[in-house]
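Please find the structures below.
Next come two complexes built around subunit A: one with subunit B, the other with subunit C.
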Partner chain A sequence: MKEQKTNSAAASELNVVPFKTRVRPYLIVAPALIITIGIMIPFVMSIYFSLTSYSFRMPVYKFVGLNNWVTTLQSSTFWQALWVTVRYAFFSTVIEMLLGLGVAMMLNNLNNKFSKILRVALIFPLMVAPITATIIWQLMLNNSVGIVEKFLNIFGVYNFPWAAGASTAMLTVVMIDVWINTSFCMLLVLAGLQSLPKSPFESAKIDGGSPWFNFVNLTLPMLKPSLYIALLFRLMAALQEYAVIFGLTKGGPGNTLMNLSLTAYQTGFHFQKFGAALPYILVLWLFINLVAKQIVKRQRAAQRQALGLEE
Partner chain B sequence: MKTNKSLLGSIVQNVLLVIYAVFALFPLIWMVILTFKPDAEIYTTTFVFHPTLNNYRVVLFETDYLRYLRDSLIVSAGAVAVSVLAGVPAAYALARYNFKKKEDIAFQILSFKFAPEILVVLPLFMIFQKLHIYDSYFGLIWVYQLISMPLLIWVVRGYFEDISVEIEHAAEVDGYSWYQIFFKMLLPLIKPGLVSAALLAFIFAWNSFTFPLILAGTNVQPITVAITKFLGTGSAHYGQLAVAATLSALPAIVFALCIQKHLVRGLSFGAVKG
Partner chain C sequence: MKKRVLSVLLSTAMVATMLTGFTASADEGSDFDWKAYDGTTINVAFNEHNYSKAVIEKLPEFEELTGIHVEYSSTPEANYFDVLNVSLSSRSGNPDVFMTGAYQVWEYSTAGYMEPLDDYINDPTKTAPDYNFDDFIPAVVGALRWDMVPGHAVGEGSQWALPMGWEMNNLAYNKRVFEEKGIAVPTTTDELLQAATDLQEFAGSGSYGIALRGTRDWATIHPGYMSLFATWGAQDFAIEDGKLVCKLDSPEAIAMTDYWVQLIKAGGSPQWSTYTWYEAGSDLGAGKAAMLFDATCNGYFQNYPADASAEAGNLAWTTIPLPEGKTEADMKANVWVWSMAMNADSKNKDAAWYFLQYFTSPDYMQWAGTEGASPDTPRQSVMDSDEYKEVVGASEGYLEAIEALAPNATIQFTPQPYFFECTTEWAAVLQDLVLTDTYSSTEEAMQQLKANLDTVVSDLVVE
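And then the complex of A and B:
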């Protein structure tokens, strides 16, 4: 009955206007584009405001040319922040990639019940808000209620400083980042591993290469496209990390964890120097774009190479 | 000899996985344990204590916690709704039509994902105040589009591309109008993908911290920002802090379990088809 109804409805609309006209795709995309671009207008403005003495407190501001840029680029705060940004991004991304690759390989090799449960359970840390994850770790590392302190006491270590120590703060935030995001790399690598074609591995078996030889010459090149995607997403996020560091120490102790994002926030809001805050973040944006372009280029090359290997 | 070696290999791998699993999952278990600890026993006990629901009672009924949850829900759901309404048609157009600058537009949308949040937020703080949308649902839903829109468009576009054009042509020849094709044929086909992309966008919006930290004040307080207040009180009610963290993490984890199968594809914006 229902079938008949739709058939007759379709028959009456046989002579509708042709679906594809030239402007239609633009019109369909427009709302999404306008909504998102609307929010990006301030970004363009920020380039202008970085040339002014704008402050949230002052009603008037004046054009100061490259003053903010020169002051910022000459300050040790900037270079310290850049150094923190790079170190944080480097350590967290490298550890997450290696650990994610290792865990994914093991999950893929074992393929038992335990590994199947883990595949699901290991995504939990990734789904917790980074700020919440930071709070969870504060509960873990707290010297009076934290379980880690009690565990370390067994080995005779008391009051390990964690986030409060100038030399251990970086270790602590990187550890939290690793806790959150390793499963992201793991998921992507695991998906890559499971979509690998079987035939090259079968012929490799006949040739009798060692597992290591097969890993370096077959698995790794074919995994590269997925690895680059994981690297791209992780590195972009780590370079602009904010929530974890803010939640843990607000950039301290001292300025040990002040990366470019946090420095910009502090300069803009706490010191009320809006114009002066922007160079930090514009440099970061530029840096992120350059890095992203490089990774995307390599990812595409790796994809072509992997397709070649499959054949 | 060889079987011995592979047996040893699988034992080593199982042990390593157990170690990693403890690192990844124990903090969550510890957090849940703390929620049941009475204040009096929080410093003195580890695993054995007299469990209580008092922390839950205090957080839920003696603080504004439920209000924060509600604000998070409104803002995140609103953001996803807007992204679905504007994003699904855009995804369709980017998947099906060939038009000038198509890839440029697609990449433009993706690039929002990689814009440093602080960079967007600093000038927005000023503009939002001038437009009187600072600290409002509207303002937050708008800025959250930077989180949900790129995700939705890129993931859903991939699902549209997976549907063969032939089916559409066949339906067109049969005389179905475009909205019949879209609503009765295409939408049901991409529904699992669309639902999972929407839920993932919801999770990201729910977890967002930087945007509400700077663009929300006292009127609208999503849970991610409000939770830091439980930290700052200094009175060290760790049990309550744990309750606040647990309850805020719960929706995201439940949703993630629902969309497991599509998670990889969503997380990689469609780049890895898991």
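And then the complex of A and C:
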């Protein structure tokens, strides 16, 4: 009996997991947990303040429930801003993706000294802060001293309104965005192109596949994961766009370029109505979240397809 | 003999000591010492402007006199107040001193960002005996005094800031171009519209009749537009039953706005909607615009000194062109006062006050008004000085225009804390009227704007 008890105590002693071992999983998770909390605090705070009358102007604020949300969603300003946001993001992202794909394919096919020089030169715009790029373009588009105006004069076009015209303002800001960010798409697509396996292309060559056939049936399906990554980053940034529009027109003429970011900034910092500004930002965040989830879902499917894991 | 000499020497020494002591105590009688805050560092936020450039030029002298070290930032006007709003709302006390305007007083004072200056001005231990506060032109310094009640006029309440310079708004023109084209200087709004139309492309493509500000913010409304708006007999708000009621749908407001839209379309810059103070002024100086309806000093900075711009020396000034049925007595120039205020959260308030008083003192203002190229001095003694009259009077029509406009010149806006929100909406509607088909008529636009602004100010109660 005594021997049985001693054996049982020894067994339970052996079953005791050391403290270090027990804590280890928590320690591994801790940094991620801290970062998650750090990320979530501003979100939770912004949701809370969107339910208040918080303003820089008044030290005391009160809880107003869904008042800010109802006012925002009922105002024509919000829907106009959402429409501008979507249009801007659509035009800039589509053009950047197409140009980025085209330039990347050209550089991939060239693969000589010239293409290496081009690769370096083409990423210059990415190294310039968007607001600086906007100021450079503002000077270039100036009707008095701008080089673009001088160029257009050759073709008999004078005083093109650019950002000053209601019908040309969107074109102008999208053009600047394309100048800055096309190289980003190009870099991602080029990296994707260079990582493609060579054997399918060699087989297609032996079978006499045309370049178009190769592009549609080989390049594009295998490149899809990279294209989705480029699309994800560019679309998210374009939906949040602020610097180019603010630097060029502050959202004008009229409300032509007032997107969600600018409207939120104006309401929060310029009019100092912080509580009223937050629904704009939170709706934008929700919208980007939904769009991003869809793109990530498709990217994963494309990746599985490219690896031959699914048809 | 020796004793007599000794007693004389002693007596002399005693008298000398007494006299020295008396003189010293007389000096100390003022109890003011420029070195009182030696070693302190203060931060100053400037808007990019000739007034701030003049202050920056004299900073070494201030630092040498006081031993106070000054750190500063200078931000272009388009972003200055947004940057300042964020700094002040952080309540960190940085900047200690900031450049501001009279309209900002209505927002910043009610938010508790501004330190009232009366106690500093009236304290002889803190203010130099020769400061002479009463020398400020009453209308100018009064524009920075307010009782914080929405709808109440400026001039009563605490002194929230001190003026660096004031600007009225009137018509500046290029006399060389007018002479060459044989066009008379416009005195009525009809003549102004005709001249702006006739001067379109006066020097080929890219040149135009009249430079006006057009960005989507308050800065578009307050200069030429507001001056003509008030001269036309229109007003922004009225107090009715203890509430502010927007009056932008009045016949005068609609007629004036309609005229302004015609003026921009007929003779304005093709890039008008992106024009700030800088573009409007520099186009006049570059010979690209024939006229400028803006702040008095905006054109002046293009005319003086002689190398200021391509058209320096060719620019001249007149008053405000009059609408039909109005006389010179109806001219109402809107006033803008660039000024400096103290952050209520500053940790170095006394040193900040030394900075404020030094750069608004009679000596500094005399220099700024003449050599410092800051023509719209807020001090009467400077305006009366021969040196000022000689320097500023060299610009044709400048002093005459100020003299004619000064009697009715004041802030034409109704003081209220939603000033920036209201004027931004106003500017957006003006841009829509000039550039889009959003509204079928000016009347429709102004009626809709009135409804929007009534909502914006609906929570204000006028006591």
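A few comments on the model shown:
Here, the second predicted complex is superposed on the first by the 268 of 311 C-alpha atoms of A that agree within 3 Å, B and C clash if a C-alpha of one lies under 4 Å from a C-alpha of the other, contacts with A are read in each partner's own complex, and residues count from 1 in each chain.
What we mean here is this: a contact is a pair of C-beta atoms (placed from the backbone, for glycine too) under 8 Å apart; a residue touches a chain by one contact, two chains touch by 3 or more.
Keep in mind that this is a model prediction, so the values were computed, not measured.
Contacts of A:29 after superposition: subunit B is touched, whereas subunit C is not reached. Within the superposed three-chain model, A:45 lies in touch with subunit B and out of touch with subunit C [touch as defined at top].
When the two structures are aligned on the shared chain, A:272 is found in touch with subunit C, with no touch to subunit B.
Shared-chain residue A:127: touches subunit B; no touch with subunit C.
In the superposition on chain A, contact is made by A:142 with both subunit B and subunit C. When the two structures are aligned on the shared chain, A:92 is found in touch with neither subunit B nor subunit C. Once the two complexes are overlaid on the shared chain, A:264 sits against subunit B while remaining clear of subunit C.
Residue contacts after overlaying the shared chain place A:172 against neither subunit B nor subunit C. In the superposed model, A:161 makes contact with subunit C only, not with subunit B. The intersection of subunit A residues touching subunit B with those touching subunit C, taken from the two complexes, comprises 56, 138, 142, 144, 269. Chain contact summary for the complex, subunit A toward subunit B: residues 6, 9-11, 13-14, 16, 19-20, 22, 24-26, 28-29, 31-33, 35-43, 45-46, 49, 54, 56, 99, 102-103, 106-107, 109-110, 114-115, 118, 120-133, 135-140, 142, 144-145, 147, 150, 179, 182-184, 187-188, 190-192, 194-195, 226, 229-230, 233, 236, 239-240, 242-243, 246-247, 261, 264-265, 268-269, 274, 277-278, 281-282, 284-285, 288-289, 292. For subunit C in complex with subunit A, the touching residues are 78, 81-82, 85-86, 88-89, 107, 110-112, 205-206, 214-217, 269-274, 283, 286, 288, 417-418, 420-421, 424, 427-429, 431-432, 434-436, 438. Those residues of subunit A lying in contact with subunit C across their complex are 56-59, 138, 142-144, 149, 153, 158-159, 161-166, 248-256, 266, 269-272.
If you check the complex, the residues on subunit B that touch subunit A are 10, 13-14, 16-17, 20-21, 23-28, 30-31, 34, 42-43, 46, 82-83, 85-87, 89-90, 92-94, 97, 99, 102, 105, 108-109, 112-120, 122-127, 142-143, 145-146, 149-150, 153, 172, 174-178, 180, 184, 203, 206-210, 213-214, 224, 227-228, 231, 238, 241-242, 245, 248-249, 252-253, 255-257, 260, 263-264, 267-268, 271-274.
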